[in-house]
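Have a look at this one.
Chains: A, B, C and D, in written order; residue numbering restarts at 1 for each.
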Amino acid sequence: MVHLTYFFAVYGSLINFIGINVLLALSLYVTLSAGQLSLGNAAFAGIGGYTAGILTTQFGVPYLLSLLAGALMAAIVGFLLGMPVLRLRGVFLAMATLSFGEVVRIAAINLKITGGAEGLLGMPAYTKTWFIYLVIAVVGYFLSRLRYSRAGWSFESIREDETAASAMGINTIYYKTLAFTIGAFIAGLAGAMYAHLNYIITPGEFGFSAAVNLLIYCIVGGSRVWYGPVFGAALLTALPEILRGIGVTAGPIRMFVNGLILLIVILFLPNGLISLFQRRRKVAVSVLAGAGIGDN
Amino acid sequence: MQKNKQMMWMGIAVLMSLTLLLTVSTEFAAAAGKEAKIGLAFSMTGAAAGYGSTQKNGVQLAVDEINAAAGADGLKLIPIFDDDASTPQQGVNVFNKFINADKVSLIIGPTLSNTAQVSNRIAQQAGVPVLGISNTAKGITEIGDFIFRNSLTEMVVIPNTVKVAKEKLKISKVAVLYGNDDAFTKAGYEAFKIALQGAGITIINEQTFAKGDRDFSPQLTQIKSQNPDAIVVSALVEEASGIVSQARKLDIPKSVPIIGGNGFNSPGLMKNAGDAAEGVIVGAAWNTSSSSSLNRKFVEAYNNKYGSLPDQFAAQAYAGVYIAYQALSKAPSPDNHKAIRDALAQIKGMNTVLGNFSFTDGRDADYIPVVQIVKDGKFAIFGE
Amino acid sequence: MLLEITQITQHFGGLCALAGVSFGVESGSVHGLIGPNGAGKTTLINILSGITPATSGTLRFDDRRIDTFPAHKIASLGIARTFQNIRLFPALTCLENVIAGQHLIAERPLLPRLLCLPGAIRQEAVYKQQSLDILVRVGLADRADFSAQHLSYGERRRLEIARALASCPRLLLLDEPVAGMRRQEMLSVAELIHTLSQEGMTILLIEHNMAFVMELCSQITVLNFGSVITTGTPAEVGRHPEVIEAYLGKSDQDA
Amino acid sequence: MNLFLQQLVNGLFIGSVYGLFAVGYTLVFGVLDILNLAHPAVFTLGGLTALWLVETAGLTIFQAFPIAVLIAGLLGLLLDRVAFAPLRHRADTYFSGLISSIAMAIMFESVALGVFGAHTVRFPANTVTPTIWRFAGITVTSLQVEIVLVAFLLMVGLTQFLKHSRTGKAIRAVAENERMARLLGIHVDRIIAFTFFISSALGGAAGILFGLYFDAMSPDMGRSIELKGLAVIVLGGMGSIPGAIAGGLAFGLSEVLTVAITGTSNLRDAVAFAVLFAILLLRPSGILGRSRMREA
């Protein structure tokens, strides 16, 4: 027991950050599951974070309500952004979402209400560890059930082949926007929770490198199943501590290892590290079990 | 539900292996008789990596000197360096490790104010003293009574600079150029603005840039067209040297001086801006050219050890270790954080490379800042 | 007429792929669309299924104008298709491909799923059984759990037909359904098409294999250089002088 | 003093540096449809290597320039071999290529950090000795003129090379249709490797010129130009060489004009990214590109 207390004392905040990053990775997973490469999810987290933070600090809105407002605000922006940009494909979509993210970041720097470059200060530390993991559990459950719903199959079809999906009767614009909006909602929620974890949020935390990090979490973990990004985010967030544990302390080397892991995964494990845990042929069968079909 | 079971096991396995790795990674070092561990959280990677590396150099130099002088019986310092990666997240992780795993007596750092805003709260809660050596933002020491800093804020340095510059240069209208996406440069800008208004100097043009920018010619061209008496710049040294050299390349005459704050106080300014740096006026928290024996010894030792001249970050780091050491020596035991804190708070009139150093009641640095001018590739006291 | 094609024209830049194509597909028929390579057959199928909009002309399906509809809306009226270059969902299993193809007929609402209601689970089982039945029909029952990318060429074509059937279409557009198949496989597909037709499904198919087309189709339309040469029964088409001419020049490839 | 004219000159100058950087970026995209996000890291390493050659190895800039450019080109070969060639036949090659280039960028940057340190460095003051020219109230340094000239020589050289040389034609053939090029007996893999060599050599050259003028090089200097480079190639139409040059100039001008017109620089980057965003939505093929939208 002493050992466990000690563990939480040392790694308590790491565990919180893992949780937030897991949620952010899950938000990108939803978008990726419909085949859409978004680099805007960090900005959605920023929108959620700033919205919630401003509401609690300046308007005295209760915590849970502020979370909901942050997530909804991000979802609304995601919806409005998604409608025009989702006509674009592949890297063009990535770049449109990226420039959106930059505009959001620059706006946060220049606006009064967001506190400018110094960041938004004074959010009480309402977000507790158990709550983060409760939200992860709920979101994870939601995503696992979503996977084999009508929307889930549509996402899957669009990712595999958008043209074939539309010929099958799938309204691709609708479902892409839906995936984008759900992703924005989750990102906004994570951002709102993050804002109440750290006392301060700054525009730089939601910029391009944050967006790329989320993508890396999803790729390293594996973006075909919802628990892939969970694993990726947990591993990479904990990586500095793990590396320290095995004696790697110098900064550049940690960075190098980060890049190397990503390279190895993309070259040899296109479905992410999570595919190491999955048995090959079983995949097909267990997928159906998850749909509740195998029970009868 | 076969899949769920499989997943659950997988999840447990992952969690367990993570736990194991993390626990194994933290060894309990037995503290020997007269030793004090200090945690040093600096940015080794990320945006502030440039400052973190000189801070580390400054600390290492001071620690080596102290440990050599301590002899067999004296109190020795065990420095534990870690990388805050220029992010609040990593900063907090490092602080947690310092406090709970390494059980340090005191923490020096982190490099950036934004990180300090978050990480210092952890230390305050745990009752472990923190000495900031480069945090200049508002509200850092207000976090609590365990938070100190030896870095003079822009609010202290800049009014003095403006006052001296006005007296000596008779300027009445200036243009301002500042980095608007960085807490440090933005705070510098606010300080300049207040000081300039207080001194009755008109700001005829305000321009901004972003971190990482290299091209400042559009802003400088705009400024040049308004013929200011001087250009006031709030920037860190990377951008500062670029601004200075491009201003001269754009033919803004040397009769229009450039005035900067703490961010300019680095030999990097002369190294990277070259001749263009001549005549730049730098208000700063450390007098590079101070002839005090302590300072001369520091500059020389630093140059010998690292082959380059120290900047203000190194000087503040160096001074920080000595300040911390004084407090640690007075405390009955290195575990007694409360006593260390009290000893820190009582430091008054201590002779450091920064000058005659005291902490204010608000645990901020209190000593006299300097106004320097670049002359023959070196900083000299302005007006002497 | 189930499907009426009137004066469909398609330009790609300066290239005229289709020049005023008109013909009708009768309800319940198996209608063949033949012509040399580059005649515009696939272009027409793409227009019919809404993948690419026509430059001009009208399409009527069941007396409704559909030429301005997007692909998914056309599909929702009951038009399903396969692709000449096979567009399966490669990472999914055969069964999953077919299940995904049920989009238009399967509700799969989220809320009951979230609550794990027994009704939702029962419904899933029904859908799964339907998909398996379709796989049986195309002879891929033993491949249900194989991922689509590991199938043979002929199997992939059959799986694509199965996926199209999953939405229970009224009109099925098949773009070269037996290309690259062995004879035995081809015969089984012919039989499948025949059965589907007898069950009342209307089928429009593109195929280069003349024997296959002549045997199976009740009506045939011949395209050449983007225009209709003729539409008629296999016997009529076989006698048409222009058809013979168009085909003689390329008989070595298309026979 | 002619304010507006001076700003145009500023824009022309920075625009040509952007253009040179973007030409290499867009070349790889044109041939492979892959966004090589390691390009900025090659840019950085090119500049830092030249600095090392001048400062430590004691070469003149005229000797160091070609050597550093060659080394940058070799980095391009390494990129191709390690990060792109193994993924070439994967269905999602544009996506996995993007990821592996991110991995390489992280590793390159960490190497730069480890080898050259985090400090901002510059070429020794006497590397080139510029003279300042003044006419009609405009100030131009000889160095600026030289940089613009070198940039344009390289860009024009590349255009001519692609148009007229055998290898250049082969590159265009591969860009147009890889399979057809293979049938025509072109060694596609060799051509692609060569494309990476050229692209990275140009990126390295841009890094050196950038470092020479701005006197401030650091391991992360590629980051500040990365997003701008992306904007430039979108502006110019992805894959179009003349488009990248024109896009570079247009972007450089839009930056200075925002400052010149609004009188403040707060909105400089926001305007640039908003323009990028708008162009993606209204004219995804760029200002000069083909009207067909590429299916990436």
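Here is the rule we go by: a contact is a pair of C-beta atoms (placed from the backbone, for glycine too) under 8 Å apart; a residue touches a chain by one contact, two chains touch by 3 or more.
This is a predicted model, so every value here is computed, not measured.
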Query - Starting at chain B, fewest touch steps before arriving at chain D - result: 1
**Report entry** Centroid-based (C-alpha) most distant chain relative to chain D
**Finding:** C
Query - Chain nearest the overall Cα centroid - result: A
Report summary line: Averaging C-alpha coordinates per chain, one finds the centres of chain A and chain C separated by a number of Å equal to 40
Report summary line: Per the C-alpha centroid definition, the whole-Å distance linking chain C and chain D comes out as 47
Report summary line: Distance in whole angstrom between the CA centres of chain A and chain B is 33
Requested in this report: Could you tell me the distance, in whole angstrom, between the mean C-alpha positions of chain B and chain C?
Outcome: 70
Query raised in the report: Tell me, which residues of chain B touch at least two other chains?
Result: 44-45, 47, 49, 180
Query raised in the report: Hey, what residues on chain C touch two or more of the other chains?
Result: 90
Query raised in the report: When you check chain A against every other chain, which residues touch at least two of them?
Result: 106, 110, 250-252, 255, 287, 295
**Report entry** Contacting chain pairs - touch in the sense defined above
**Finding:** A-B, A-C, A-D, B-D
Report task. Flag every residue of chain D that touches chain A in the complex, lowest number first. Result -> 35, 82-83, 86-87, 90, 92, 94-96, 98-100, 102-107, 109-111, 113-114, 223, 226-227, 230-231, 234, 238, 266-267, 269-270, 273-274, 276-277, 280-281, 284, 293-296
Report summary line: Counting only contacts in the complex, chain A reaches chain D at residues 37, 84-85, 87-92, 94-96, 98-100, 102-103, 106-107, 110, 208-209, 212, 215-216, 219, 250-253, 255-256, 258-260, 262-263, 266-267, 270
Query raised in the report: For chain D, which residues count as touching chain B in their complex?
Result: 1, 3, 6-7, 10-11, 13-14, 110, 113, 117-122, 125, 130, 132, 134, 139, 141, 210, 214-216, 218-221, 223-224, 255-256, 259-260, 263-266, 268-269
Report task. Going by the contact rule at the top, pick out the chain A residues touching chain B in the complex. Result -> 3, 6-7, 9-14, 17, 106, 109-110, 116-119, 121, 198-200, 202-205, 227, 231, 234-235, 238, 240-242, 244-246, 249-252, 254-255, 277, 286-287, 289-290, 294-295
Query - Residue numbers on chain A that touch chain C, as the complex places them - result: 141-142, 145-146, 148-151, 153-154, 156-157, 160-161, 163-164, 166-172, 224, 281, 284-285, 287-288, 291-293, 295-296
